[in-house]
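Each structure below is given as structure tokens.
Look at the two complexes coming up: subunit A is in both, with subunit B in one and subunit C in the other.
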Partner chain A sequence: MKKYLWFIPFVLVPLPFLGYPFLLSIFVLIGIYTIAAIGMDVLTTWAGQISIGNAAFFAVGAYTSAILVVNFHVPFLIAFLISGLFAMIIGIVVGLPALRVSGFYLAVVTMAFGIAVQQIIGVFQITGGYNGIRNIPVPSFWIFKASNPVYQYYVVLTIIFLIFIVLSRISFSKSGLALFAMRDSEIAARAFGVNLLKYKLAAFAASAALTGLAGSLYASAIGFISPSQFDLTLSLDLLAMVIVGGAGSVMGVMIGAAFFVGLPFLLSGYNISITIIQGVALIVILLFLPKGLLQIFKIRDLFKKKVI
Partner chain B sequence: MATDRILEVENLTVKYGPIEAVRGTNFFVGNQEVVSILGANGAGKSSTLKALAGLIPHEGRITFLSKDISRTEPYKIPYLGLTLCPERRGIFPDLSVEDNLLLGAYTIRKNKNLIKGNIKKVYALFQRLEERKRQLAGTLSGGEQQMLAIGRALMNDPKLLMLDEPSLGLSPKLVDFIFDSLKTINKSGTAILLVEQNAMIAMEISNRIYVMQNGKFAISGNTKDVDFQTLKMKYLGV
Partner chain C sequence: MILSIKALSVKFKGLIAVNNFSMDVEKGSFHSLIGPNGAGKTTVVNALTRVVPSTGTALFEGIDLLKMPAHRIINAGVARTFQNLELFKNLTVAGNLYIGAHHTINYNFFDEIFGTKSYKSEQSRIFRNVTEISEMLDIKRYLNMSVSSLPYGTQKLVEIGRAVISKPKLLILDEPFAGLNDQESEKLKEEILRIKGFYALTILMIEHDMKIVMSVSDKITVMNFGEKIAEGSPSEIIQNRKVAEAYLGDRSYSRS
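Then we have the complex of A and B:
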């Protein structure tokens, strides 16, 4: 990641000065999905736990934040933090079965959880049932009114950067090492004193919290949420963003999110089926860049290998 | 005598559903001793070690350093100085050699100086690891991976090192090297409990052996007292 740090001051920070507000709001969306996909990345490539129910955490975050802001007029910043916290608690509960099952079984358990949450949200009054919640007010932070996409953009960018700093600190710490060890070999990790209970729950908690925070941002950026937005497809998209972009790297995840969120907007002007384009692109990427789009930056290495 | 024993196992039973893999075995490991559990495939050797490390459910009484550990959580056991070097090495393939070693020192993670000293000791024992310390562990050869697995197990200063089939899949020359290292490790004061199929090489370094057959010990005693013919018979299950 250090190699790509130039990207932040020279590309990401000056972007708003190009002066395309519409483009910017797409970048905000990409950023929000990046945060959620980082949550997925932490769970899958760091801790080795598979989940195809992360859309539920996204929904929990979005609804918590929307309900607090709309019904209880809580300031957004507080609602934002509470939604992350609440999603984290739910994440710990979901993490419990992961202590007993793994692999495909865990995938099915988390999938069931994702579907269940979606249905539960549809039943309750306070969540607006299947109609969802409309007119979620745009948050206003201390000094700036965030209705301007430029502010939204910088807020999201800052959050991603903070997450990146925290994650890179963890990855070089003993806790990070213990997580990676758990991913590589549970028996060996346990034989050397790693408390699997602690680390599995921590991975689920972190993943859920990040996804919940992203959900909260999503709710206020879009202004409208309903259960159908948080279906299985979203969970799978989050997983695909990680794989397509480049697992284990914030930069890669960002590229993956841009691919999944940005591409539909880019092609919306043309009369082509986005599903076909995306499907073909997915296959091509996985065939030629199995480690994700991030590999493009290392394309020279690919040619080097061919010579030898 | 009893005080010289660092590990005492009474009536250990391991069941996988209706199948009894280990049926009420009794054994002990003395201070600074090398003890081998030998036996054919499926005799219950690995299950015994896994039970000692707390990794599988078991019955019976396990006393380590006069402390009952039969109900201790598995992740707490290495803190006591009882370390398992798992079967098939169980190295972390996506971590570098050095990170593998650092993870081995997880139980002493607060003591940076001790970790540094231990890494030096491991590198002195296995120079090959130092040459490859930045390499991903998954790219090492089988022998190097075994060195790494043993080195990693030494990182938290175990009082008793348990090894599950260290000779697995290695060339005879490498097996000799690995067992020479085990001898060195034992000389520096670490007791060793070894599970092996390769009886000849294991007997060379062991003070005492137990021969397992269908979950029970068929033979036990000092290595030099064991009659080779009976051993052969029991080993082949005749």
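Then we have the complex of A and C:
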């Protein structure tokens, strides 16, 4: 039970802001990016595979969900699940080159994939071309209309909580340790029976599915999507969120997402360039807290926890 | 005979690293593979564990290892250590040992997520094994420490522990004594002999330290330039002229 306690502050966060729907919608956005960044974390920190094309999975999820809801009037929950599934299938296809190349080469391959997806989306009619899709309806859940950002916040937080449970369950068991072994030494992992093909594809599938689900939530939370939102910067931001917050920890990724998504809003009232602030903060963090902001709290990552 | 290698050859882009190499390992024996640097000893082991592609056959209890994918070798019962440690350096000692048992774990992803009965019993079985092995190798106090923070000699023990926990029939050790001082070597030698007796292992060891090789081996195979040049008991190898030449150089400075 103790390992879930850190969630309590996040449950309480919206309460003082109930009268400020704009602030709440930023919290929702932070939560959505957290899910996508966890997808990145699983791929990079857990499985040791580099991807700077994860924005494409985000786009695939967002567009799948938006098209299903707007053009085919599919209930959001079903569109949400289909977008995760579709992104997962694409993730497996993108994972295939990872079986042959690694490191910088894999980074370039995934980058090319990310750019290609962005261009393809811009070409088709059904995706609205470069103008994108507007007026994506807010999802209606079974009992309540989710138009209130407080509901959205708790829906997103519940999803993060479920992801956390799954990740912490597998962190010191067969599949989690197999991924981490693969990351640290492919040759030794293989010698001890870790099927690299299976685990690499599984890592890409899981990463793509999580990012796709986040994309689906994003589309309905923002209500408008266009190809320019899913560019290379988004992929790099997702990677930076993981590193700034604290790789290998859901809480760290949440902090990273808050840093990247929340900070611009916090500073938008002042006349300072956000890029400079963020750039300086990034350098300072990487210099003094190489394990991310989470280092302040001295939290061990999931793989170093005491088990015996 | 537990392992029978026939006509094993490994080529790297025209360079013949191992040429038509044959060797038999008796069940329960301590077999050493020696030779000067670059003789192809590690390449033989890498071929057996499918790290490098090769031709020939290597029958292990009647199954050809060279026809198996690399991640299935451990299922056949062959575990190895590495010349330059290949530990999972971001994991704890317990995590490293756990991976050693990876192929024995009998549950699937859904068992893990829902924490089913088979998941719980398997987890406690592996944790029990990890504790047992760590006690035997006297590394129990390091279990929850990061493996990269440990001294080199202890890391070697962890690597051996990781191989032993996989319940192998044949344990291949690639230069386990390299980089250790006399005291550490003596301790490691005792640990290896104890493990060998306790788990009834067959050991194939690559090693340069002749004192240790001579004292532990039942049989020694000598390689040079990718070929077998001699084979026999320690006393036979000491007297072998070709072996002395390979190590000390031919008196006439000509290689035949």
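Methods note: the second predicted complex is superposed on the first by the 281 of 308 C-alpha atoms of A that agree within 3 Å, B and C clash if a C-alpha of one lies under 4 Å from a C-alpha of the other, contacts with A are read in each partner's own complex, and residues count from 1 in each chain.
In the analysis below, a contact is a pair of C-beta atoms (placed from the backbone, for glycine too) under 8 Å apart; a residue touches a chain by one contact, two chains touch by 3 or more.
No experiment lies behind these values; they were computed from the predicted model shown.
*Asks:* Following the superposition defined at the top, how do subunit B and subunit C come out on subunit A, clash or fit?
*Replies:* clash
*Asks:* Based on the superposed arrangement, let me know which partner A:Leu177 touches: subunit B (first), subunit C (second), both, or neither?
*Replies:* In the superposition, A:Leu177 contacts both subunit B and subunit C.
*Asks:* On the A-aligned overlay, A:Arg169 touches which partner chain: subunit B = first, subunit C = second, or both, or neither?
*Replies:* Touch partner of A:Arg169: subunit C, not subunit B.
*Asks:* Which holds for A:Ile187: it touches subunit B only (first), subunit C only (second), both, or neither?
*Replies:* both
*Asks:* Could you figure out whether subunit B or subunit C reaches more residues of subunit A?
*Replies:* Counted on subunit A, the partner with more touching residues turns out to be C.
*Asks:* What is the contact status of A:Leu196 with respect to subunit B (first) and subunit C (second): first, second, both, or neither?
*Replies:* Both partners, subunit B and subunit C.
*Asks:* Just to be sure I follow: which residues of subunit A are touched by subunit B in one complex and then by subunit C in the other one?
*Replies:* Touching subunit B in the first complex and subunit C in the second, residues 174, 177-178, 180-181, 183-185, 187-196 of subunit A appear in both lists.
*Asks:* Which residues of subunit B touch subunit A in the complex?
*Replies:* Going through subunit B, the ones touching subunit A are 53, 55, 73-79, 83-86, 90-95, 99, 102-104, 106-107, 109, 152-153, 156.
*Asks:* So in the complex, which bits of subunit A are touching subunit C?
*Replies:* Residues 166, 169-170, 172-175, 177-178, 180-181, 183-185, 187-196, 303-304, 306-308 of subunit A touch subunit C in their complex.
*Asks:* For the complex, which residues does subunit A have touching subunit B?
*Replies:* Residue list for subunit A touching subunit B: 174, 177-178, 180-181, 183-185, 187-196.
*Asks:* In the complex formed with subunit A, which residues of subunit C make contact?
*Replies:* The contact residues of subunit C facing subunit A are 49, 51, 70-75, 79-80, 82, 86-92, 94-95, 98-100, 102-103, 105, 107, 109, 112-113, 115, 119, 123, 127, 130-131, 143-144, 146, 162, 166.
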